[in-house]
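We just call them A, B, C and D in the order they show up, numbering each chain from 1.
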């Protein structure tokens, strides 16, 4: 009981600091990539920062694992966290915490399911695009025959990939760059899917509200209302009819 | 009170002239790009026209801002107008007013939500494609290593981009051209999304109208109607039963 | 009156022969393109056949125009027919009649809206792909720098275009070839849209039938049924109660 | 009767072994492709295994054909099995049995329609991607001018194709490779369609449950409930009114 309460309190306290640190990680990861001519000491500082932040997240994971009642279940449910910790390539994705956190902030205001899904996907796709552009630049820059050599090209490649346009004027040739590309393609499918689905559900909702229900249901239900109203009228009529009939035919002769 | 009425009247009076001027802007912007061998004086005239029309729209924006009751809210709600005014690259998009205006004309006739959305998107995508083709041609033409050198190539590139096909036989290499490309790709996602969503909602509406309601609801509601009808029959039966019972059993003994 | 009856009878009689002739047109159009080493006399025969069939369709159009009551409206409603007659590039699309005819045959059997839409789009997309491949081959073959030089390449290009993959290993460079390409891209958007929409409406129908109605509506309507049933029970109770109460309390004292 | 029972029993007994053998086939087919420097004896063993497994599947098909009551109908319904047997290129697709079998296993647990469709498509797309990558590598490797020469390139090509990105840095040039590509493109359309459709139906279900029914139906039905409730109140009132009225006006004079 007390362990659960502590785990919950820990989560609440730690949520925003960890989100901030995840953003710092993204900065410390991307800054040296984006500025190749960085001073060696600053570069080393960024490198140290990424290792320290990684260690903080590893500690957070182990603490939460320790606090969990059913550890195997915790591992099963947090397999993405585990992958992000273990695989260096996925680490910048930790910044997706920001999107989740923003979504949580937003939850109070926006009650629209579609709006929230759009915020998650558009925010996630933007961050994924930036991260993939940085990762691909980091991976490809040193390759002599690569076509992605500066951040402009990397960002352009990321946009053409995520929209599934894929000109092929720029494309990754290293394994790490291609893994980033696959992530972008999957993100692109999600983007297209969510945009289309949100539009479709909006159409379905408004068109059907406008047409279907007006046509079928309203007619039937209002016919039913009429029926019940007629019934009530009939009911109101009967006692007086009863009263008028009684003296004359049924009870009158007894007088 | 009077300021609101004036603002509303101003909007009504100014709407169509501004739409016409926005079309003129698109013409004065694209003509010199499409015809490189244009006489210098005409080119200067077009250049002057774009500046004058820009000034007219800036004046319109400032006037509406001045007339607005809550200025911060006005700025928040018209941030797109502000961006179109401020960023030269986005200026030709002002011609999208035509689509909005056509949509407004159409509103009286077409009551179909889906139809109107299709008109907006197809019209907007067409205009966006033309504008992006002109913008990319303007940006790329002077670049020696560019692959888009005439309007035919630019239009072909715009179509391959907006449908997310992206052969890569033509692609922008300048920053401005790539920004136009990103606009097209987003337009392409919107196009695909709206077409799919309109089809999906059409299917949902017609399939479900045909099957679902016939099966479930109609059965239940008509069962309910039957129930109420039976009730009314029973009600009609009771007064006479009452009348017949009264002389014999309940009231008869009083005689 | 008699003119309308004649027009209707004419349409019925002429429908299948014209569909057959449209298929012949597609054959006579594509055969010389697919077999460049064709004997000159056969090539001339094909050429004559396309002209004759064109004349037949022109005659059919004029006759139907003559029979129409309101000619301007007829032209407005048959603008696609007019375009297919006027523009040589669009002529092979006349073979799309086959799809429409097949759809009409199918109408008796298949009552599923979605199924019919899929048949139209898949059939139309297949025919459009073949026609575009032939048209692009015809247009590009004579171009020295073209990348589409045989039917295999043209068909491969058509498939990569219609699925919006667009590798860019093959692409049209002539105006006519690019027009065929634009047709394919639009067909591809339609294909993707219909497939997605059919799946979405299938999900919506089955998921919602299963869950939504069970949960919300059924509960409410059956509550209503309960209400009415209780009402009927009460109604059945009242006459006898009335009969029992009357002698004792209301009418008894009069004795 | 006994033949049907035997056929059913045969199917049940043979299902899992055949699925296992189909996986073996995929292994024996892809291993030599993935490891070109394989020992000659092992390569021969794989080759023998594929032939033997093919013969097993051919025997299974013939046996089921023999057991079928209506053979023409059996052939019509199993035309895909027949094609997979007849066409060498399609043979690895037999491994799709695994997905079907997994789906059958899953059926007990997962009752969600959307979830099951996602499992089928994601599983099928993954297997299709692997098979197409192996097939394309097998077809292209020996071609001097091909761009797909190792499994990494083939897998990268498969992913860019199935997501319809299509950079065009790698593409098949042989007939067999292009057929594999067409399969992937169709799989990609299915993937995009199912993801979008599942999202759309999820939105439709949750949004509409939340909004539509609350707004329209609930209002109408609860109005109806009110109406019926008022009716019941009135009904309860009438017998006593009747009782009070009877002594005074209708029956009183008889006293």
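Definition applied: a residue touches a chain if its C-beta (ideal position, glycine included) is under 8 Å from a C-beta of that chain, and two chains touch if they have at least 3 such contacts.
Bear in mind that the values here come from a model prediction, so they are computed numbers and not experimental data.
A.B. asks: Between copies chain A and chain B, what's the superposition rotation on C-alpha atoms, in steps of 5 degrees?
C.D. replies: 90
A.B. asks: Compare the contact pairs of C-D with those of each option in A-D, B-D or A-C, and report the one where over half match by residue number.
C.D. replies: Matching pair: A-D.
A.B. asks: Nearest whole angstrom, what separates the Cα centre of chain B from the Cα centre of chain C?
C.D. replies: The mean C-alpha positions of chain B and chain C differ by 25 Å.
A.B. asks: Can you give the whole-Å distance between the Cα centres of chain B and chain D?
C.D. replies: 36
A.B. asks: Which residues of chain A are in contact with two or more other chains?
C.D. replies: Residues 164-168, 192, 196-197, 200, 204, 208, 217, 221, 224, 228, 231, 235, 238, 242, 246, 251, 254 of chain A touch two or more partner chains.
A.B. asks: Under the stated contact criterion, what part of chain C meets chain A in this complex?
C.D. replies: Chain C residues touching chain A: 164-168, 196-197, 200, 204.
A.B. asks: Quick check on the complex: what are the chain D residues that touch chain A?
C.D. replies: Touching chain A from chain D are residues 152, 156, 159-160, 163-169, 191-192, 195-197, 199-200, 202-204, 206-208, 210-212, 215-217, 220-221, 223-224, 227-228, 230-231, 234-235, 238, 241-242, 245-246, 249-251, 253-254.
A.B. asks: Which part of chain B faces chain A closely enough to touch in the complex?
C.D. replies: Listed in rising order, the residues are 112-114, 117, 161, 164-168, 171, 173, 175, 178, 181-182, 185-186, 188-190, 192-194, 196-198, 200-201, 204-205, 208-209, 213, 217-218, 221-222, 224-225, 228-229, 231-232, 235-236, 238-239, 242-244, 246-247, 251, 254-255.
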